[in-house]
């Protein structure tokens, strides 16, 4: 519980698995009972994450077929832990043999070795992006709960690759636009330019980074927690735990620091269905708690550390050397990071949905008026 | 444990208290026994955080005198919970009476009300920066452990206020430079300009934001955790849980996404005392685990939400209205945010120090070679 | 969070304080907002626990006046952490001076010293029963929530002192009977015999143990968790964490192991308001989950370890010696253990009430039928 | 994390799986790196737990072959989560068809249905003893760590079946004596009588309960935690979370309450290798912390709830009915409960070993003297 392989408090997940070990998987605990759930619900998201989905992702061939071995009965969740597993298939450990003794710059090889005195060097072991299979699988369940319980919609997309940037209004982006191209940028022309840039970097054995933006719509007002588990804090941790992430912003982010308070504050106004804010520089969160407006956030992903170009590095035995990585790698992680970001955001929001219900849900008290949280009403009022 | 008022796993803290309630405080659990500790150790950090410390901070007069009521005996920690409390003294709830019924834009008033159906509206209640007293007090203990156990030094400073920016090399900044002026920017000329800007904003009833940068030196290689509790993830959560923070970066952050992998990677080289990296775009962390280089991070703080200028807003009863806040507020939170950022970083690193020792510390095994973690040796080797 | 001074997941408490340090206290996190709460609610339970309440308890004079310094506003809980503190007053550390260097047999002196290399030896330090003040204070809040939300009633009493045993039907015992005498045994004649026995032991500088029985009525069906956090497991941990407890039973307990399955099983039958069981050897719990019948449990408390008679022991410096304890001690902990047991049971049930609501509460789902948990209806149906 | 399917703080496990779902398994997190570990280490313990191992256990045929799919590399643990899975093979859901609609008395059927509004009724689903496969598998790892790190030996055995009781000295029992017969009672004559009684109960379609006793030898002094996570509290929770357990005792337990303090206390005396106690009514724990003596505990297991004799009960639809269970069940769970109790005790002790090392382990401090915990030295000194 305290070793960094679990995430979430009430809707919580534990992932396991190495890139070229036997299997990767996840145990999802705390799922409400009687949710309709099939492997197809999960596979749809895994397919957006899997390698080999296009020519700008790693050519590793993994169908990433998931199997639910526990927690679902006759198509409904039981309220018991859900176990989802994916067998590794296209493992080629021999492609990584030089990594047994040579540390890739800016990768986790050296630090794992320093921490544990051992590591599974085949394809990055536990530090491989294959670990995120469990996150995406669990995120698919979280998304479904959020959608059914409160109409929440979570949508991420590539906003920038290196310096190729799309000007987008988060409120207007649709899932169809995002899935319309292989780079997952909802602006077709910019997407084409991004793809060209990624192709070029791949040819040169180099790699690119960029920014994924994410919007969560119809998040019920009141979700979140005011001190350490502020919604923005939990979201920051969630996405900063993804491989290659280097920065996080919510709402106005770093740009907002150039404004004065008068310019930055989001003024309130009344509507027939309750208060709203005229602007949304807060990014949907005030004091750690959702205000009902769209939650908007951005994540910086560095260029992939594993590249084919030669780099200076050192060996396990403490010798200087030069490494030009073999193996199969993404020249740009961003297209596949999109479903990962969505999954992490969904996990945070679903956890806070249950946490809110625990503390502030209606206890049906005759003498004591609870806070009468009603997720669907709130969501409706905001639509 | 699951309600967002605790932070940390093994070196863990629980804070309590409202701005104008009777007291604020913290319980620190998991502190190793026999650490020399006095109230003076803690007061020194609280004095850097307290209101009224200069003319560019809120004029609220609080000595913020701390009292240790448990966990220390004859000047040494007992290994039992340490309780530190500060009584609120200069409370003037009447100054905040309009906040009982009117929501400040971009503040936590409206969302607390939505979540709990009640709030202590006096001076922000639990959402006040007074809550951070407990964090800073606990951070003082964490800092002392880190310094004694591994020579870790943590130093934050104001890097930018609005568009007034200091060009600084994190590796060269000293504590004396930071404390040499009231805005806590280690560049004297830039500091002077920042102070002028804050004074001007204060006069106009407006407010400013900016960026705090933090460096942690001599962090033992191996601290951290590879998946959800990556060091950068826990650091992000830590600082994003501070009031008014809107963004987080580690190492190259968002700027690094404009580089290619070849440009971005930190190449390794050997030294007589082990491997090092030639550059530090990783910010001291690879794959979630410290690599022994300086950990560098930046936090964006928005302009203070509470301003004296008139703003449109709504009342508790759902009426549109106009609010010009009274009460006492900081025109810029950054000078006082510096010790808060240091405290949060210290809490994360101290927690991971104990976590690392738990899993990878020497179990004195005759048959099984543990990973022989030795914090002070590692730190020494890096100096 | 992981150092043993916190208890509970959603309704969670953290206690601090040593017997003769400045104060003892508790932070209660996760309390639902808008619960009416005053210091009087808490004081009533503390008065049942406090020393000096009768001539068969320790003569230490402590009013144990509690102060709520956070989490309550205008008589209602805020949903933020509630901090309750009691200052130590009648501390006489000089009475315990020999304990600085001499270990009391069967007390925590020697093991604290072995674990931490230090201990506050004044009056037992953290191992003193004063630590339970925080538990009883928090338990008073838990009891109030349980009563208001679901009509739950929790009642403990002394069932046996040494071999003086009361034949009681847990279903029939009333709070008035329990509080009618100073030993808290609801059977007046047996109570008188118990008091005589305790008086005699006190005179001889010896001590007595016994059994506290507890019944929880109207616990909503469905509370609990099926695997590690079975209701009986959490209850066992709760009461086995009280000082001097050596055994735990639920329902038929050890005696039930002398029956066959056919004799032991609780047969179901239908009533107009749902199923019930004809017998209650299960003690209100099946498979870790409350079945709506009375929860019944028993706790064995050993005779107080600190006695005035001379005993062989050793010193801190490793010398054999003889100790006859001075200081003020209870010749029998059971009368004061009654409110402690009630508090611990209340903490477990309140935590599980919130946990149940989190996972199985109504999420107000239009498409998906939640489990429609209604605590008060369930409780009513069982009455 | 908070839904009752995880156990332990630093050495923590999460189990999943239903009796007749696809598989049961466990994720073990926090295992120190570089521990030699193979499937054979685990299989040895699973074979002691598996059904069909003798004619007095359920005839269900399950080889319970375990597969490690993550966390081990080239025969050594990686420090990453270890995943162990066992496929269900001899599932005959049709044998349980009446359980879809009829609740077994004193089983979890009715309460699961009440809690979740759904349950996997095939063979008991999550409430089946098959869930303990994960516990026993993880316990095998914990045992190995404890043995290698500190020479700890954990041994459980059947002490009583119904009223057939063995008089045993826990300090003298050997593993060979326990495994010498199918009922796992180290007293051969009493074992024979127990087997006869179980055979008779099985023939009559009835079932028996009894007591398992467990001793843990060479537990390092200092393990444990003084308040809520007292060693006896965590042990109580651990074993009371096993199916069918109804009572727990440590050391003198309930019997000790018939003694006076003078009779009950364990006097200290010096030996060349440190202090010891003359008696061990404390059961190896004082104030929640191990004192280095044998830890002794007892667990009451009720007679198996599922019996073939006819019983009155009710249906899912609220009708009174009569049930005579089919399916395959143990007439007495005790022989198979022995490895389960050992596993749970091992999990608690291993967790506390890591927790102790985290807080009180040597931080290699030049200025600050840590408590110099040395598990193997301590263990040796006690031998």
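For reference, chains read A, B, C and D in written order, and residue numbers begin at 1 within each chain.
Throughout what follows, a contact is a pair of C-beta atoms (placed from the backbone, for glycine too) under 8 Å apart; a residue touches a chain by one contact, two chains touch by 3 or more.
All figures in this text were calculated on a predicted structure; none of them were measured in a lab.
Under the touch definition stated at the top, chain B and chain D share these contacting partners: A, C. Within the contact network of the assembly, the step distance from chain A to chain D comes to 1. Of the two chain pairs shown, A-C and A-B, the one joined by more C-beta contacts is A-B. Relative to chain B, the most remote chain by averaged C-alpha coordinates is D.
Averaged C-alpha coordinates give centres for chain B and chain C that are 38 Å from one another. Note on chain placement: the centre of chain A and the centre of chain B lie 25 Å apart, centres being C-alpha means. Distance between chain centres (mean CA atoms), chain A to chain C: 43 Å.
Among the residues of chain C, those in touch with two or more other chains are 2-3, 5-6, 9-10, 15, 30, 33-34, 79-80, 115-117, 126, 226, 355, 359-360, 369, 371.
For chain D in complex with chain B, the residues that touch the partner chain are 2, 10, 30-36, 79-80, 145, 148-150, 226, 353-355, 357-371, 374-377.
Within the complex formed with chain D, the chain A residues making contact are 1-3, 5-6, 8-10, 12, 14-18, 21-25, 27, 29-30, 33-34, 67-71, 73, 76, 78-83, 85, 115-120, 125-126.
On the chain A side of its complex with chain B, the touching residues are 2-7, 9-10, 15, 103, 105-112, 114-117, 126-127, 131, 160, 162-163, 201, 206-211, 221-230, 232-238, 240-241, 243, 245-254, 256-270, 274-275, 277-278, 281-283, 285-292, 300-307, 309, 311-314, 318-320, 355-356, 359-360, 369-372.
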